[in-house]
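Lettered A, B and C in written order, each chain numbered from 1.
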Amino acid sequence: MSYALRSYEFWLTFYRRTWRGSVATSIVNPVFYLGALGIGLGTLVNKSGTTPDGVEYIAFVAPGVLAATAMQIATNEAMWPVLGSIRWTRGYYAMLATPLQIRHIVFGHQAWMATRVVSSCAVYLAVIAAFGAIHSPLGVLALPACFLIGVAFSAPMAAYSATLENDAAFIVVNRFAVIPMFLFSGTFFPISRLPQVLRWVAYLTPSWHGVDLCRSLTLGRVDWGLAVVHVAYLAALAVTGLVFALRTYRRRLMK
Amino acid sequence: MTTIALPRGAALFERNARAHRSHFLIIFSGFFEPLFYLLSMGVGLGHFVGKVPGPNGELISYASFIAPALLATAAMNGAIYDSSSVFWKMKYMKLYDSVLSTPLGPIDVAVGETSWALFRGLLYAIAFLTTVSVLGHVHSAWAVLALPAALLVGFAFAGMGIAGATFMRTWQDFEFLNLVQLPMFLFSATFYPLSVYPGWLQVVVRCTPLYNAISLIRGLMLGVVGWYQLVNVLYLLLFGAIGVRIAERRVGKLLLR
Amino acid sequence: MNAAAELPLVHARGLIKRFDDLVAVDGIDFDVQKGEAFGFLGPNGAGKSSTMRMIGCVSPPSGGTLRVLGLDPVKNGADIRAQLGVVPQEDTLDLELTVRENMLIYGRYFGLGRKVVHERAERLLEFVQLEERLDSKVEPLSGGMKRRLTIARSLINEPDILLLDEPTTGLDPQARHVVWDRLHELKHRGATLLLTTHYMDEAEQLCDRLVVMDKGKIAAEGSPVELIRRYSTREVVELRFAAERPPDDLAARIDGLARRVETLSGRLLLYTDDGDRTAERVHELGVQAQSTLVRRSTLEDVFLHLTGRTLVDE
């Protein structure tokens, strides 16, 4: 594992030069989202009488956006940086020229992506708490949940990125997968509002499992049976993604 | 001397059109983003929001309220997205180095790139407006003017976007762009009426470019039109003109040194 | 032709380029005549590219006089550029377009009609032997092919002057020869070439006349043969040693055997008119060199003599 740490260290060093922008983003974005949707839009929702899940809107939307953020950071970190390390900066090849092996490259980079996800989500969770939108001490567990969501997205995405020739597919993935998941898997309104067919589609998305898990934790309304399903689903996705990533990385880098 | 009939930026427009032929899906997909937002926020969340007051106080459905805002935002995002490609072309592809070794100058680059961004924006606006009217969220014949209005919004942000792109040093700097873009998107009376804010904050929001864009297009699509839209138009014209001017100067300064 | 034909195509007097407090070009004079192949030879950072960019009207001079085609680059930039072909140091090909489209769009930048551009593009791509890659994307092309495409592209407007900034830097020997071959062909057709290089063989191959630049100044000017005759000897004896430095007393011992002796890392250069004779006398002195080489003098030797440094880092 110490070899994977060396690869991790590369990403950490790289990030040191460029951290300002993303730190600002990861602190300010949650404040913006919670301010606009939780408070601004929340005013309208709370006034209308019926709120989703019967809680004030900010408490409903905040964990949803938290899970969605984990998803978005994870997918983005597994897109351009991965393809770039193969095609443009060729950083992976530089690592391969050392004693590092494919698995160290994969795990090191995945660990780095998880770091980005967890650190941003930790800030986010703190902001949610400051807004008074965490209703249960179980909310702390939302952080490991975000870690799980992150890997469930970053591993399969990295596996896919390693097969690409150019970045055109990323925009399509963002627009037809990431954004629809962001908008329709229970982040802003319960999926019970979706037509029957779409609801079943939503049940299949990892983002819904993530959102529902996080929300049940911060609201303190955990159905442990369902929670196990969520965790198992996300974990299965993460492990499958890692297995595939090992394979696609090897095929791409060792040919 | 070579005669040049068309505006010289036209060649750059043609270049972009050719370069995007193989990215058809990307252009096509751009249309879905505002539509997804409309369905999610307008329809899904709209159930919980209920009716909201429109620009003249009349209660309208939530989807009708946010549809114009999404159109305006799409015009803004499209223009800014294109300007991020300007960064790539300038810094990594060195496209403009070759352009400027021909008779074209910085102003032609600014005009060519802006007109391309506008053209794409117009395509999106037509598609979105058609869809929205089919879904029944267009309430007035004035809505036809939302097309040129969307074009104006695109112009306003394209110039500024290209200007902004010239200040970027690395891709990571685009996070700072996000720091401007996201709050504008969230707070410019996009998802809820201005009346939610305390008085002083209302004044601040009224001064932002996206608010003016949304106010203009919302007025047109809902058929609530007055002199205030004229203020919006002037604001956007001025904002765009300043942007193009800065863009021209910056391109010149960076590449002609 | 009228009297204007006798005016130099490029005319510079006291030309200066400053970047903040760095003086890249420090008051240089030169003239380039029609039909000439004129070179700027010098190491990296000598001011060659800055000079080229000023001639290409994409970099305003900080001082002095510069006339290109009789016009002022600052005032008439667009008009001058319409008559120039530019091959920049780094390829600036459009990676999002095909080979043919690169030609077409570039021609369109000059405001040329579609038909004209099509016809010229075909002809020029044939000229640079890329006719089989017409519809290929640019990215998979080899370095040499990209370079040739850049050259073809620079000819689309049938320029009066072709500016080539290090046309073969980074190419393998074979690709270099193909590029040289094409440039020779252009020369024979009467094109005016301006090129920068830090390869003396390239300068000897291509240039009718050249200036040697060092630290923003012109150190010498003339044809390759003239420069060698003026600043060097006919032949050079190179003594190579295994050690980093030749033995300290060596230079003193062989002093007098050659007109001039240069001490480099692991090498000793003896400038002489009869290389074989000098080499013999060195051996008679019992000097133990790892190897001895007698060769003709090159521009490298001229540069070494003028600046005390080698041109290309070894």
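To be clear about the criterion, contacts are C-beta pairs under 8 Å (C-beta built on N, C-alpha and C of every residue); 3 or more make two chains touch, one makes a residue touch a chain.
If you're wondering where the values come from, they're calculated on a predicted model, not measured in any experiment.
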Middle chain, criterion being Cα centroid separation: B
Chain whose mean Cα position lies farthest from chain B: C
Chain centre separation in whole Å, for chain B relative to chain A (CA means): 28
Approximate Å spacing (C-alpha centroids) for the pair chain B, chain C: 47
Distance from the mean Cα position of chain C to that of chain A, given in whole angstrom: 54
Chain A: positions in contact with at least two other chains: none
Numbers and ranges of chain B residues touching at least 2 other chains: none
Chain C residues counted as touching two or more neighbouring chains: none
Partner chain A, residues of chain B touching it in the complex: 23, 25-26, 29-30, 32-33, 36-37, 39-41, 44-45, 47-50, 52, 170-176, 178-179, 182-183, 186-187, 191-192, 196-197
Complex contacts: residues of chain B adjacent to chain C: 1-6, 8, 10-12, 14-15, 18-19, 93-95, 97-105, 255-257
Partner chain B, residues of chain C touching it in the complex: 19, 56, 58-60, 77-79, 81-82, 84, 86, 88, 90, 92-97, 101, 105-106, 108-112, 153, 157
Chain A - residues contacting chain B, complex: 18, 21-22, 24-25, 28-29, 32-33, 35-37, 40-41, 43-45, 48-52, 57, 80, 168, 171-172, 175-176, 179-180, 183-184, 188-189, 193-194
